[in-house]
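Written below as structure tokens is the structure these notes are about.
Lettered A, B, C, D and E in written order, each chain numbered from 1.
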Amino acid sequence: MNLLEVKNLHTSFYTDHGVIPALTGVSFSVKKGEVLGIVGESGCGKSVTSLSILQLLGNKGKINSGSIHFKGQDLTTFSTKKMRKVRGNEISMIFQEPLTSLNPLIRVGKQIEETVLLHKEELSKIEARNHAINMMKMVGIPQAEEKYAYYPHQLSGGMRQRIMIAIALACDPELLIADEPTTALDVTIQEQILGLMKKITRELDTSIILITHDLGVVAEMVDRVVVMYSGQVVEENEVEKFFANPKHPYSKGLIRSTPSIDQEDNLESIKGSVPTPANKPSGCPFHPRCPFAMEICKSQAPENMYYGEEEMVNCWLYKEEVKTS
Amino acid sequence: MVGLFILISVTLIAIFADFIAPYSPTEPQLSDILVPPSWQEGGTSAYLLGTDNLGRDVFSRLIYGTRVSLIVGVLSVVVAGFIGLIIGVVSAYFGKWVDQILMRIVDAFLSIPSILFIMVILTIFSPSLTVLIIVIGLTTWVNYARIIRGEVLSLKEREFVKASQTIGTSHLTIIRKNLIPNVMSTFIVISTLSVATTIILEASLSFLGLGIQPPDISWGGMLNDGRDYLATHWWMGTFPGIAITITVLGIIFLGDWLRDVLDPRL
Amino acid sequence: SGESGEVGTDNGTENGSVSDGNLVIAQSADITTLDPQDSLSTNGERIFRNMYNRLFARNQDMEIVPEIVESYENVDDETWHFNLIEGITFHNGEELTAEDVKFSLERVMTDQGLKEYPYFTQLVEVNVLDTYTVEIVTDGPMPTLQHVLAKSGADILPKDYVEEVGMDGFVENPIGSGPYQFVSWDVDSEVVLEKFEDYYGEPGIWDMVTVRAISESSTRVGELLTGGVQLITDVTPNEWDRVNDNEGTSLVQGETTRVMLLMNRLTEGFATSDERVREAIDLAIDQQAIVDSVLRGSGVPVRSRVPEGVFGTDPDLYDTYVHDKERAKELLAEAGYEDGLEITLTAPRGRYPLDGEVAELIAVMLGEVGIEVNLELLESGTFIDVYSENENEELIMIGLADGLLDASYSLVHYTIDRAAGQTDYNNPDVDQLFQDASRNLDEESRLQQFKEIQQVVAEERPHTFLYQDKVNYGVSDSIQFEPRLDEALYFDHIQPN
Amino acid sequence: MKKFIIKRLLELIPVLFIITFVVFVLVYHAGDPVSLMLPEDASQEDREYMRESLGLNDPFIVQYANFVMDITRGNFGTSTRYDMDALPLVIERLPATFELAGAAMLVALAISIPLGIWSANRRNSYVDLFITGGSVLGKAMPNFWLGIMLILLLAVNYQAFPVSGRGTFMHLVLPAITLGTSVAAEMTRLVRSSMLDTLGQDYIRTASSKGVPYVKVVVYHAFRNTLIPVITITTLQLSILVSGAIITESVFQWPGLGMLLVQAVNARDMAVVQASVFIIAILVILINLITDLIYFIIDPRIKHS
Amino acid sequence: MKSGKFKRTTRYVKAVDDVSFYVKKGETLGIVGESGCGKSTTGNSIIRLVEPTSGEVFFNGENIASVKPKDFRPHKKNIQMIFQDPFSSLNPRMHVFDIIAEPLVTHKLYKGKELEKRVVELMEIVGLDPELLHRYPHEFSGGQRQRIGIARAIALNPELIICDEPVSALDVSIQAQVLNLLKRLQKELDLTYVFIAHGIPAVKYVSDRIAVMYMGEIVEVTTNEKLFSNTLHPYTKRLISAVPSTDPTKRTIGDSDAVADELNQEETSDQGCKFAARCPFAQDNCLVDRPKLREYAKGHYVKCHYPLKH
């Protein structure tokens, strides 16, 4: 059984300016101990996906349909109270901006401790505090006892992100959702943070959903890749297969337009720009930018086509190759 | 939107006061002193909202009062806004000693509450309409200066200002094209809200005997005339009070609405 | 302070029962000093009258009666001898003697810095003849000496005490010889006095008297209605019903020496220098209508500045007015203004009861006969600036009172010197009459002279008279109160019911 | 921190200098206190004498120099109205003023913080609409009107509170409500908007993602951060209250600084006006300084920078 | 173009200290380094957006760092800048036309019809639809906005353009578009770039030579190839190795135990090499002697006592 199974998720935001369909059918799954990467450009719905899983969409966002099965139970049917028990305890999250994601007026140690106290009721205050300090040590913060009393602004970006990781892992969750955890950091710090995540989650056997738009990070970290474009999943594959042989034209473009250190030839670029949910094109949302676009792409959205359990592409080009599920 | 509607109505009333008001607002009618509103016992249909202690039609006075109250509100905000905008922008843009000097002046003005300031000035120059407008303007500009300065300080760190500087655009042009248009929405919002504050301020000044002087009619003045009559002849003070409240309400709503409309990262 | 607390929260006693021997009075403004010789306000007088004594005083009918004088003698035209009542003590226990009288009067007649000084300039010398006898020498025949000695500023201060603590010390803790002694003064809030047990005359009937200052008229009335105070001054006409309709309070109206009038500029170049225009203005104004409407009867139309009750009044000019719009128009036409005339009327707002409203009415009345009025309504302070700098144009509306209750006080305005720059009225006959009267010790002929001046003035109209102001008190049923023409309050004339 | 305080105090000097100048120029042109001190029918000589003795005939510069010199000695001149030193007159009023300002602020805080938080959390609901409408109304209502109405209703009709004056706690209630209401109106709107602001922050989402109950998120995580703008407006309003109680004090005959000022202005008692303005200015500046110090205490970001 | 050398102090913060490099005509000099190391300050100093406290900038042989601000104005035609944030670098209240025309109008080069023609031309050069002339910036996507910024920068036919992280704020698929555009324009218009970025792959892609900055200093400058094939400075090596490779078969992250190694970065002393505290090869004298930028091999400058051997 998969640890997490998201099926055909539709999420919309009801704003003053109308309804924004942010997710239009997202499905993927995460196995125990696995690192799943979600890539895609800004605004394609990566964060909304993760927020949907934890049901932190705010009062404007709403899951319209679909299911999110976590350890066999559908989270979408959970009450607020039941959901609270899941958050930070069984599923926890790391956000992109380490500065703004920590409460500036509360000592970092306390912020770790808060989670512990919430979910490990058996612990006393002192024990919780010690646990928090241990977590800080685990994420590699030197002089943890002293730094316990620091405020977020007194720490560097990398340190803050370590604190975020400590918070997220404090209760030994089974699933960690990391939403662009290193985008705001320098490469050298990024390397450390990613290394840290890999190491700890391996030790704790935690599954990870790693959201990023950096293909390098994907190549380094993940076991399987999910590519999102304009609110839906367009490709899913194992990471080696994905880089060796990307199927969706968007995936191809993405890989070819990412410069790498070993880059020799000219970069290819994808023409045009990313559509917003409000002006989503008809048919396949990628068709205006697609070099292989066909007539059918303009009018009809392709279905998910599976090459076995784990390999999926959402593109008319592969209509003939596989049978639709 | 409600705000806009109220404000447009009030403005129209002010403009067409001559046609709407049934009576002269200033001519006393000694035979009809303190007639209650038409629906009350002793009231007559001739005076919809009753008459005041000189027998003048409250309704007509209310209509004419719209004019002065709006003029004072709007014009003094124009005066204050103009000074505040210029000083705020200049202070923030040039910084250094310019900013130091201007900000010390702002601090000085800020530490003397404006009503006090106005009070002192108005005892020196008797409060005619013009004087009142200028005085309110001259004492309330600091609010604009402060807020606009803050805006410009962050604005001038924006890259498009730097871009203009690298091009070699003159300071004046940068101020005119880059800074002022971008503080305009904030400026409009605070101006709108200030109109409301000013109308209330004028009423408060009237209370102190320093508001618009008769025969000019303002709501504040009427409210003040009526305040001694609140217990006995409620209509004299209540209607101008309601007029002020509705208008101010309208303006505040309008300001909030404008904030929403003008704000998005246009 | 604690005192006001006790008084204010005393809501249990409905409408101010006074069984506790406490009296609370509220006036519209506070006193400005406790130095009786450096104050000109009625508000101050209301307190000083109960704290200090003078040689003479006015009784309820405004007759001058001896106060601490046993007997007196007019030695010659310029010399007077006064024998003091013996055994009068100040609040500190010291006896009041001729030395104190000399000290007090000399202070007020020599110290130019005192506000009362101008009224005492005719006194030349004060001599102590013995412990209880003083001699006063004047600069010539002075028919108003007793008026002056009964007037505010003639209060007797304790010489030794003042010399001991200095004037500053005195003002902080003033001592008089009146029936009530000083307890405390919270500026802009209240003055508290208590009964002086060793008073030489009838002992006071109140244990404690608090005089509060409440400037808001509706608040003042509110306090009266709720029993927080027993007597309030200056009730505006619109509040009358509230006071009268309320169970347990009523309105009491009293007269004042204050006459509201328009000063005309007779200066060359102003339209009002033409006598016909001035007459037209007078004829255009319907004084009675003003009194009846806005003032709700709280005034008496007059054609002179000397109202009834003041020495020198002319009954022919009291409670009367002229009003004839047609004639006014004719006069204007005669004066060459058949096409209308534009003048400026300067008037205060908030200085006298309903002054602004009255001015607005006048403007309209003048408009009806073809005089277009630029009404310049000014806040009290600005107004008085314009007035004292003589910056007004044709007309300025003002209220003038008579602190001496003698016509000389008012009529001096029509002398050439005093009128210069103000009305610029110039009538040598009037001047002569006034000079004669001011040295005339014969009451009968002096009265005649005063009447004559007023007749001339009423015709020539340097002033256009409007009405004599009345003052309105709100009175709790728990006390009995009779107003006086001089607007003073004697606490002991206020009787508990 | 010490440096900061010293810097702020040094900044005070030019500010105070500007204030003295502005005030003096105003007062210099304010005209004559003399005419107000003497009765209507005082003669020109009397006036002239009075003027000379008050030093009002000196040239502007001399008067200004004297003025500044005197101030440095703590002498603001003599009240022409009371014939006493102006400064003690002003200082005497401070307790009453602080009492009222403090009480009004308490009223305002007690109203605005819960309402502001409530309406922010019920954004766009009827509760929100109602509270927002109410606060606008509170702002639109002139102070004196409310004061007189409260007197008529609660003091005169129901006799629940004393009409006017100062003394017991009961005396404080009506003026504090009158004054507090308009401040509360302003503050409710501010608390609401800064609460909304805070609720949109990333760290609020973090807190929720940790499974913190909503009420705790609001109270523990959001409210603290809302506090900073609230303190700013509180102190800003407090400085307005110190002087701005002018109208309320007049209505309730509250013997504070505001009433002294009104009386002084009306009587052209410029020594008192100058002294009050000066004292108020210093108070305002001190209040602002204290605000900054409070920031130091509650906002670690400032403390460490 | 000659070498420049400058430093800057703001409120006693030395943002950039002893930076020297040169840019040849027609080439692209890339500047890389971690956030806050002084890349922007360097760029801003050249164009006098910040006034350097000392040092000199030679542009076509003239020292433009010391001329009075007024006299610098004519040089503004020759040196232009492209900014990082396409959202903040365009005035939201101006039409695209006005934005692109601003330099032309400021320097009074074109008027009326001609001005319009030139603006349309510029838009075409950067690949924008001239139809969109009268739109506001918010109606464009990030990539399009960056094109507007580029059009503005090339409007005056400058010789040198400083690109301060021109693609960092853009989406992956758009970054390549802009990088390619910049390369194309360089060829067509004979431009010289100073290309500032923190992403090594992008810098490598566009630059002829690369300068590596660390804490306000340039630690290594050389040609593109040599920097990667013959890395001399330990910091450069560290930087390059931290870049994740796009090949999942060559994973490196998480394999080493380098977790807590660089956490005490703040502790740099005024003495010695600034990288010494983090440097695995540091010797004792690295902590006390400040190294100088020296030409270690021809055209290969390094600031290190012990450059890496290959």
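Heads up, the rule we're going with is that a residue touches a chain if its C-beta (ideal position, glycine included) is under 8 Å from a C-beta of that chain, and two chains touch if they have at least 3 such contacts.
According to UniProt, the chain labels map to these proteins: A, E = ATP-binding cassette domain-containing protein; B, D = ABC transporter permease subunit.
What you see is a predicted model, and the numbers here were worked out from it, not measured in a lab.
The fewest steps needed to get from chain A to chain B, moving only between touching chains, is 2. Under the contact definition stated at the top, the chains bordering both chain C and chain D are B. Chains that touch both chain C and chain E are the following: B. The innermost chain, defined by the distance from its C-alpha mean to the mean of all protein C-alpha atoms, is D. Centroid distances from chain A, each centroid being the mean of CA atoms, peak for C. More C-beta pairs touch across one of B-D and B-E than the other; that pair is B-D.
Centre to centre, using the average C-alpha position, chain A and chain D are separated by 52 Å. Centroids of chain A and chain E (each the mean of its C-alpha atoms) stand 32 Å apart. Chain B and chain C have Cα centroids separated by 42 Å. Taken residue by residue, chain E touches two or more other chains at no position, since every residue touches fewer.
Shared contact sites, meaning residues of chain C that touch two or more other chains, fall at 218, 379-382. With touch defined as above, chain A holds no residue shared between interfaces to two or more other chains.
Applying the touch definition to all chain combinations yields A-D, A-E, B-C, B-D, B-E, C-D. Residue ranges of chain B in contact with chain E, taken from their complex: 158-160, 162-170, 173, 177-178, 181-182, 184, 265-266. For chain A in complex with chain E, the residues that touch the partner chain are 41-42, 140-142, 156, 158-159, 186-192, 194-199, 213-221, 239-240, 242-243, 253-263, 266-271, 273-274. The part of chain E that touches chain B in the complex is made up of residues 44, 47, 49, 73, 76-77, 79-81, 83-85, 87-94, 98, 102-103, 106-107, 136, 138, 149, 152, 156. Considering their complex, residues 31-32, 34-44, 46-47, 49-50, 53, 81-83, 89, 92, 148, 151-152, 155-156, 159, 162-168, 170-171, 250-253, 255, 259-260, 263, 265-268 of chain D touch chain C.
Contacts from chain D toward chain B in the complex involve residues 11, 14-16, 18-19, 22-23, 26-27, 29-31, 136-137, 139-145, 148-149, 152, 156, 239-240, 242-244, 246-247, 250, 261-262, 265-266, 268, 273, 277, 280-282, 284-285.
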